[in-house]
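Letters are used for the chains, namely A, B, C, D, E and F, taken in the order the chains are written, and counting of residues starts over at 1 for each.
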């Protein structure tokens, strides 16, 4: 977190720079089938974030040495397009992308029934085309929808959202400015049917009480986003 | 093309900076057997360009995964030595070298009878020791001779030459200065026995009529260079 | 060698900056078993040099393609920790580390009975935690002790030490300042039981007579260090 | 891209179709797939375009950086063009360093734009010898069903045409101004399938075909860039035939760029 | 790290132990291994620490460089944290570029230290806009028997706490001064083994376990960093239980840092 | 270089020859192959040389760049030496990052030249503290039939000796001047083949041999660089014997450099 305490981002009435109240989510819309050559795909527009995800597989797993006898390998990549950020991003994997790819894979492996496809590989590709805070959550959500769209069996979908703290106030679903200048960021990956978690990070400074408040905002928001995911999957392809 | 229109490179009588007329080729000389440890090799001196090419194989193809059941794999590399240019070149493959290696391989694969050597590899190595415009043509020509010298069967040899445009005049076989400041560059890879093409690029600006003129220069020059190649192969090793 | 001839590093009585005489070794102490998860390990404190070495194996050799039918493969790495030098060292292998890894491997392969473990791999890892001249010698010595500690059979241990020349005087076991500003550095890897060599380098300027003198210093110092190695192996683990 | 081991059946099938002057998806030899162009769809890019040609979908984004002019060209800015085909775009695209195919792709598109002179680099100077704009055009495929070359070239010039120099963000002015783009070079690509060249090959035709030829033409029909790719031999008359088609199709593509509208 | 093919037997064994509330080395569920902390042991580092937790041994070293402050923060120095797990540290660690595991390790430890604000970067400015100190914390494992996260975090903050700004070596003063470290963030890591979370898992428990959770707490019990790693699902009540343990254990670790003594 | 699996027969054959004091190509133990040196053959290099020793052929090229002197040595230029053995040079050399063999090769040749002090780096200063010449010596093998070390060292010093500082091209003067090279260090390499050291081993002897020793001697017979490479054990008396040969052979090589003539 940037932690510039002196940028005012919420007024005395609890109105945030983009007009939302503390507990409000940004607008979220989801489409499936946006990548025709993929086995499953989804686009998530979340505020001005724009992410697409493609799923390929189950398919033969090579190189052989990464094959697993008892289950499929889940190969997940998160990437930001060079034009996705105000300052151009140099193409190529960096440490941040690698870490996000790993935690995203860890979250998805917790729900995908990999044992059903021994010796196979399932590829999940997440591309951020426009980034405006919370891209790891947007990407993980898009990947969940794409997996469902590809017909890959899962125990539940993962919904991911990040709440945090700005000017000492706990708020839901940080936007770019709040993420840059706020005091804490708590992204979570939630199973909407059980309320259990498969993904959790935190950066910043939260007292135990603030932590609980942010946690609860994430839980509520997850239910809202989950409904949008379900509707998109019912609605047929783009 | 650099496209500095104001550098005068040809006078009113059609005499170029190095004394040639518009349709004249630079002096070309070719030797075979210049790399004793190779299965075939050639040196081409073309103006002050200096290129050597070595051929190794047909040999066992490893790693296995690049092996082809029905034909040999042709592995072609074009490289410039660090001291080959006025400003030193940093060693290592760059995007330009990779692209030239690829188009050279594409050209040679069109003539080498790869089906005669299933599961094998043939390596073609082109090294530019001194560069003075047209090195991709010089390298491709040298590689053709080296393949013939190694006894690799081909449907025809490839002769490569680049004509272009300077100060609005179409000329044959651009030299360094003409390449830097000229307005177009048209390298072609020609099969001398049929007049067919296996390699073609163009950079710059040519009207349809100028394009035809440059094309014709290349065809004529190819016949001249072809004779020098044939003589070198008949003449015995260096 | 830096070769700043004007830094005075030895006085008229032959006393060096750290108080040693020309033929004196720095204090050396050795411990075994310092890396509990390794099959064999050693720590060498030599002056203020601090090196640890670990041995893993004999173990299965993969990737397969580096396996040898008739003997074990010895995989040796020398590395300096980023905080080992006054100016921080960037992590990652560099050309110097690669060369030292290679000459260290060459020296150890000369004594380890690799034929006893066909198709296996033995890994030797040398880490310099604090560097003060002669780290390649300290590392090679530590590796010898770690191999013995792991019970890997050898024809002899290797003892390594570097003598050199400062202000025109040949001295034993260069320290950091002497290494930086001295005129020559002669590291050797000696088999203490036969006086034979498995490792030899030299940088700088030594007349034939000076060369002999430095050689003799190394031979004498090797006998002293060898005794410390033997005592450490007898003494039980840290 | 990993090489499929046995496209032999596909080759045979395509050759049979070619004999009857047919293509596997019913198109005529010189017919393109449905082609859509949208501009202005990526908020963080200073210029952007999305092209859909059948099931091939690509994006182009323009970003700007401040550069120091080269000592020998103190009054010029720069243009850089990169093409990425990430594994999202298809089953056979793999992660890792750029493949020879994607390097060739980027370089061929780059040359077509650069050699046409459509970007006047003298116009990008801010302070001679000190500061100039560098234009960065990033081409990004998300769905590859063949002919990425033409899709990239079309998206690329459309994104440039719609780009705004971000003078506000860089605190140089209180309004942004359009990037001056003086010409609209467009590219047509031809693939030899079943022994004859066709226009706008799709993924199956690329897989079962031979060499390809890429032609970039300028506003006046001048040739700015040519590239022959892949193994294969062609004759002068084959080349004349595709050049003739390119002369008319490139004009249509130019109109499409000129008429492109901002996304809602 | 290469993935062992069959830890199934180990998993089963650990699950059986867990049913009886036991661990394979006799520890209680929330019990740590013997933990030793030494500081000041590496002569060429400006601050250093060695931590031993059972058979896990790590070093931390602090170095300083001069940096140019970022234009938007002219009065601030910087902090950089790297973690290396070289092949010396265990049979399964391999040479090569950093693995995803080691990247995650470095980033999690880095965030805990950074987000606590323990290093006052404003204090590192030398000449505003021109020169500032960059603090580099390098974490280096030589023996990995599990829970490198906690070992690195403990060694890291202890090394920073003991570090001296090398003002003599950089010819800025005639004596060095301590790096100001205002807080002592500490980390506790929990691993799900046999279906329940345990504290300070060792190598075998990591191999036969599921997900892990890393918690970094500050002096006042505030949360500065969280990370869930590996495949696995956990409930809110599981999380509450480990958070409660972390609140008390982090205090003990903080005391250990405050009481650390220089090596002979 | 890929390692040939079975050079055992070759080793046995070479050992048999060694017992009769013979070599496989008929040479005596201390005899070199035919050695040719040409200088000035590469137009774009500021100094160049080609060496042929039997079927081993290498080039050396000298280029110059402007560098900023290091702060602690404001009056000095620099010397950089690289060695490349590209796959053109033999069946077993593969593309990719430099192998440990080629790194060792470059570093050993570099040290011999550098440590002899033959390039007076103080002489390369242009403006103290601001500009100095950096000499770059690139060694490039096109045919490897053994003993690249000696071929590179010979070509390297000859290329340096023939190099001209390009003061015209860098607009610093209206004529170029020779690079001052005050000494001629030369290298002799010995390979243990069939149990005894021989001079100038060829490719087959390298393949079927053991350790090698490289000796660089200066004008006055002083030792400037030594390197033992590969697995193998040697005695003090073996070393004395090759050092004695090197003392005489290095003088001959020095004469060859001094008498080298420009290529037609």
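Please note the rule applied: a residue touches a chain if its C-beta (ideal position, glycine included) is under 8 Å from a C-beta of that chain, and two chains touch if they have at least 3 such contacts.
On a predicted model such as this, the values are computed, not experimentally measured, just so you know.
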Steps needed, at fewest, to go from subunit A to subunit C via touching chains: 2
Neighbouring chains common to subunit B and subunit D, by label: none
Same-interface partner of B-D, chosen from the options B-F, A-E or C-E, over half of the pairs matching: A-E
Label of the chain whose CA centroid is most distant from the centroid of subunit F: A
Most remote chain, CA-based centroid, reference being subunit D: C
Inter-chain centre distance, subunit D versus subunit E - centres from mean C-alpha coordinates, in Å: 48
Approximate Å spacing (C-alpha centroids) for the pair subunit A, subunit F: 57
Between subunit F and subunit C, distance of the C-alpha-averaged centres to the nearest whole Å: 27
For subunit D, residues that touch 2 or more chains besides their own: none
Chain-level touch network, classified as line, ring, star, complete or other: ring
Sequence of touching chains round the ring, subunit A onward through subunit E: A, E, C, F, B, D
Contact set on subunit F toward subunit C in their complex: 5, 100, 103-104, 106-107, 111, 115-117, 211, 213, 218, 220-236, 239, 243
Footprint of subunit D on subunit A - complex, ascending: 35-38, 48, 50, 52-54, 56, 59, 77, 79, 81-88, 91, 93, 123, 125-127, 129-132
For the subunit A and subunit E complex, residues of the former touching the latter: 1, 3, 69, 95-96, 98-99, 101-103, 106, 109-111, 186, 191, 194-208, 211, 215
Touch list for subunit E against partner subunit C, complex: 42-45, 48, 55, 57, 59, 61-63, 65, 82, 84, 86-91, 95, 136, 138, 140, 142-145, 169, 203
